[in-house]
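Take a look at the structure set out below.
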Amino acid sequence: MSTFVDNDTKVVVQGITGGEGKFHTQQMIEYGTNVVAGAVPGKGGQEVEGVPVYDTVDEAVKEEDANASVVFVPPAFAGDAIFEALDTDLDLVVAITEGIPTQDMAKVNKRLSEVDTRLLGPNCPGIITPGEAKLGILPGNIFEAGNVGLVSRSGTLTYQVVSNLTERGIGQTTAIGIGGDPIIGTSFVDALDAFENDDETDAVVMCGEIGGEDEEQAARFIAENMDTPVAGFIAGRTAPPGKRMGHAGAIVSGSGTGTAESKVNALNDAGVPVGDTPEEVADAIEDFL
Amino acid sequence: MSTFVDNDTKVVVQGITGGEGKFHTQQMIEYGTNVVAGAVPGKGGQEVEGVPVYDTVDEAVKEEDANASVVFVPPAFAGDAIFEALDTDLDLVVAITEGIPTQDMAKVNKRLSEVDTRLLGPNCPGIITPGEAKLGILPGNIFEAGNVGLVSRSGTLTYQVVSNLTERGIGQTTAIGIGGDPIIGTSFVDALDAFENDDETDAVVMCGEIGGEDEEQAARFIAENMDTPVAGFIAGRTAPPGKRMGHAGAIVSGSGTGTAESKVNALNDAGVPVGDTPEEVADAIEDFL
Amino acid sequence: MKLHEYQAKNIFADAGIPVPESQLAGSVEEVVEAVGKIGFPAAIKAQVHVGGRGKAGGIAIVSDADEAREEADRILGMDLKGYTVNEVLVEAGVDFVDEYYVGITMDRGAGKPVAMVSTKGGVNIEEVAEEDPDAIAQEHIDPAFGLHPYQARKAVYGAGVPKEYAREVSGILSTLYELYVENDAADIEINPVMITSDDDVIAADAVMNIDEDALFRQPKLAEMEKDSYQDDLERKAGEYGFDYVRLSGNVGIIGNGAGLVMTTLDLVDYYGGKPANFLDIGGGAKASRVANALDMVFSDENVDSVVFNIFGGITRGDEVAKGINEALESFDEIPKPVVVRLAGTNAKEGMEILNTDLVQVEGTLEEAVQRAVKNASEVEQ
Amino acid sequence: MKLHEYQAKNIFADAGIPVPESQLAGSVEEVVEAVGKIGFPAAIKAQVHVGGRGKAGGIAIVSDADEAREEADRILGMDLKGYTVNEVLVEAGVDFVDEYYVGITMDRGAGKPVAMVSTKGGVNIEEVAEEDPDAIAQEHIDPAFGLHPYQARKAVYGAGVPKEYAREVSGILSTLYELYVENDAADIEINPVMITSDDDVIAADAVMNIDEDALFRQPKLAEMEKDSYQDDLERKAGEYGFDYVRLSGNVGIIGNGAGLVMTTLDLVDYYGGKPANFLDIGGGAKASRVANALDMVFSDENVDSVVFNIFGGITRGDEVAKGINEALESFDEIPKPVVVRLAGTNAKEGMEILNTDLVQVEGTLEEAVQRAVKNASEVEQ
């Protein structure tokens, strides 16, 4: 079993005619993802990488029967693009865009509570089920099918940890980038819950970082609800308070909430080993298997 | 059984310190209604008709355990007052206020879809279960307990029809004013459904009027779902198109929707006799019983 | 409350929606001056609250000054479906290749606004809705979020607006929704949006109806209300704060509560009479208000007979009786026969106060209406 | 992005929130001139992005011109927690009887803004939150509807604000929310709202942080961004468009992706070094961007050693290698030793291009960091 995406996922790419959209559409198709349509206002009727483009997501979904979208739309228009996707009854929307204003995302978050669609991101590298499908910008070649689930707030850190695993011959069921923004659709808990319910996932890597309290919530969830073993990593131990460390969500508040220490402690208390280096995370996973 | 309100209903009056609020609080208490609190910003700590006043509905509900509110707040602030009531988990909110801007009510309508509270009105005379409780401005003395349910978009027309019934010795289970505005909380269908499920209601009077398509929907509902007999009345047969006949909702559109003819036909088609005069409505009900 | 085309266009133009160059004119000379500035062809459009002005002769296209003078003379002062034309909008003629419809209204059933776009503009949109509903793309608007840009695009593409105009038309639709909210509009529409031969997109007409219940927070629009009355009686009703609608019959009707007043009108008709008006004095009316209502109805020269129907809830019968007495006692002779029916709160006290020398009293609604109808028919003979 | 107190107060005042009379001053003479206008007592407040300015000596209350001159001379140019004070706000002293807190921030966990009111103002609100959380009334805001007036009242009454000030304080809270939305604020607060001895309600301080991701649609605020940098390096990073944070160590760090760069910092610390900065070149960086990053880090005089850690996803190893070569080949002598680790997309191609005469190459993240830490410690010795 795979989580959220598989061979049957039919993808519409929002912003397919832009540089990034075009490049990653080609990469996704090459990986084997079933990209069925693109959606860009005013570009309906064109083709990109052999994929038909429509003016609206609605049309793309109706004509090509898509059930997921990937959003490569620039930040100023991405909130609207996500709203558009959420209006079409898709199963999954993956928002790659970085830099969407937080207040736009608060509105999206409200809308999410009214629909059944799952949102990944924004500001995330996407999701990959190795050998089946990838939705987003993850470099497919570093992944390998296997029995470890991975969920992360960061893109390149994910690649780092995955390569540490793959080099040891440890493959992945699904790797899920939940995004580095303060307000995101799918949380650690949602992803962990999915892995817990996936028979093929025998262990999980969770890569957190400073800011917010998602990792602390995840720790509680792991302690109370998970049998599948989890190993953790927390980035940002050396981050000073009040400074945004790249990700809009990676910030230790002036009052000292959102620290790496708090997250590491919470995970340790939940019985989750937290690596000091990516290698140590791979060690812990190897021990589990 | 009674519908929506009874002896156990505990009422908070929003706007209790205003002229209308004060007068009708006294009238409601005199009728036997369990008015437990008032809510007016800045007037917390006062008493009106022996009822304690709070600054917020939230406080009134928490302190006095109210489960219903009646809104006598002026139109400019009534939308906010309804939102406030809907935030406190009440069973019922009765909005008497006439003249609330329609766009305010569209927002309230959205909020209604998110909560479990029932709204009656706005621009309605309220609701009465004779002998038990009245919430609103209906003159209690013309009602009598009995076995006929009544639902109406208009206040004084309700009084007219009720007096036609009471004069013949026909009493009422509950009389529900749903309000004369274009956007209202409880519809004809909601009220008819409640009467259909009330064992003590043996017949129902439904007083509609021009504008909108609520009566047509009610006719379909009656045909498909009701065993309890219904008699109808439709006001506004002589209204010219495009003119607002007092009620904001009583308007036949320029394109000819919302006419009395359409409503009368729909009801007749559903087997509902529609009186040409209020007396004829009473005749029909008498025939049913 | 309806705005005039020129008022709506001013609001549109201020919001950045392109409209033709235009000038308001109240006399033939002003029209001639205006076309002199604007050039030819020009349109002369009657500013009255009537649909289908074109068919009714309220719009003329003129191609020189003489024609402008002639048409201005014809249109200014003309009677257009009961409205006298006092002002015309003189507007630059637009050479168009296509006409669309865009509008926003409240969908009562859904309890939310709906945006509509059609490429079948320039004709009665209600007819399009009936004959070819698919030609109108609709998007319901969540009033908490407002009209999302993607919805405006979806409606525009869904209606089949060609790509080269889609951005501008969807921009206009988004602006319309902003204006709809800012101005507490009940309806707002442009029919037609014209595509000119130069590929410009322009609002050739403008309709804006304002929610009367929101005028308290729309002071500028409330100012325009005085231009929106059809005649002096409507203006008077506005000043008195009555819900009033003038009709063409001869039985004047006064009552409390919209549903009951409508019912009274219906019964007048049912018993063979013709209602002259709808007049709701509202809840809890005091004596002075009652007197004002009688003044209103007596001022209507068509009225031959009056019926006063009150079922008191908040309204008290004694106050009503006092008001009737005051109003009628000021006359040497009662102008029109008045039938009174009082029921509900303090009806008994009212009946005791009422000066029955001046009015006819009936016990039921049906009897009161029948008597008033009879009175009217006797005057007619 | 933090606004200065005076910038936030200007925005507040424009929105109708009462603020003390004040004037910005950049020199002792300007301060003396300002107090001359404003009168005494007056406050002289350092305009730097630092909390707890008062305790740190950045605020003085002065009662005559001599004192003003003395304190202005002391504060202007002083170092306040690493920030140099270039400007002070000279403000009329407020004789207050009570101090409240009002603020709005984003509750990340709830995914919606939250409004907060407390009668324990004038002190660090985070401490209040910890010691006496009930003293802060909170109302979550549905971003689709905005802050309802009843919510503002509920927060104000819930916090125990006395009735006589409730209307004004809840009005201020509602205005704050409008400003929060209009300006794409991340946080907005007034601490304290002062109740003066004349019963006036006044915003004595003002904090406004802006969502940097929204600056594209806040041109006026984007203009203020240039005042918000701590030093020249931060300004340079802003111009280059890098996510950059300066730290106090000596190992310069460049990488791609926030999580991986943070991890690189953490590993420098883990292996006994001290990170000098966070610098994320972002995804898909071209050679010129890589060169700019090196320029940034070399410009930091504290840096003794550099580690370049790239895991290519969108970013291509060959582009990175080209950038490194270009930047380093322009030097006669490499200013600081640079360790490079390239993995992921086109890493192999990158390794082939990379001029290994100029850099040290390592195969893993851990090795690269250890080497850079070693380099730095060698320079130190």
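Read from first to last, the chains carry the letters A, B, C and D; within each, the first residue is number 1.
We take it that a residue touches a chain if its C-beta (ideal position, glycine included) is under 8 Å from a C-beta of that chain, and two chains touch if they have at least 3 such contacts.
If you're wondering where the values come from, they're calculated on a predicted model, not measured in any experiment.
Trainee: Could you run down the chains that neighbour subunit B and subunit D together?
Mentor: Per touch definition, common to subunit B and subunit D: C.
Trainee: Strictly by the touch rule at the top, which chains does subunit A share as contacts with subunit B?
Mentor: Both-contact set = C, D.
Trainee: Does B-C or A-C have the larger number of C-beta pairs in contact?
Mentor: B-C
Trainee: Among all other chains, pick the one whose mean CA position is farthest from the mean CA position of subunit A.
Mentor: C
Trainee: Centroid from C-alpha atoms only, then distance subunit A to subunit D, rounded to Å. What do you get?
Mentor: 28
Trainee: Can you check how far apart subunit C and subunit D are, centre to centre, with Cα atoms defining each centre and the answer in Å?
Mentor: 56
Trainee: Indicate the residues of subunit C shared as contacts by at least two other chains.
Mentor: Residues 142, 144-145 of subunit C each touch two or more of the other chains.
Trainee: Name the residues of subunit B that each touch 2 or more other chains.
Mentor: 107, 111
Trainee: Among line, ring, star, complete and other, which best matches the way these chains touch?
Mentor: Topology of the interface graph: other, matching no listed pattern.
Trainee: What are all the chain pairs that meet the touch criterion?
Mentor: A-C, A-D, B-C, B-D, C-D
Trainee: Where on subunit B does subunit D make contact in their complex?
Mentor: Touch residues, subunit B against subunit D: 41-42, 44, 55-59, 77, 80-81, 83-84, 87, 107, 111.
Trainee: With touch defined as at the start, can you tell me which subunit C residues reach subunit B in the complex?
Mentor: My answer: residues 51, 106, 108-109, 111-113, 126, 129-130, 142-144, 181, 184, 186, 211-214, 216-217, 243, 245, 247, 255-263, 265-270, 275, 278, 280, 283-284, 311-314, 343-345, 364-366.
Trainee: Once bound in the complex, which stretches of subunit D touch subunit B?
Mentor: Residue list for subunit D touching subunit B: 145, 148-151, 153-154, 157-158, 163, 166-167.
Trainee: In the complex formed with subunit C, which residues of subunit B make contact?
Mentor: Its residues touching subunit C are 20, 75-76, 98-103, 105-107, 109-111, 125, 137-139, 142, 152-160, 163, 180, 182-183, 207, 209-214, 217, 233, 235-240, 243-250, 254-256, 260, 276-279.
Trainee: So in the complex, the part of subunit D that touches subunit C is made up of which residues?
Mentor: Residue list for subunit D touching subunit C: 142, 144-145.
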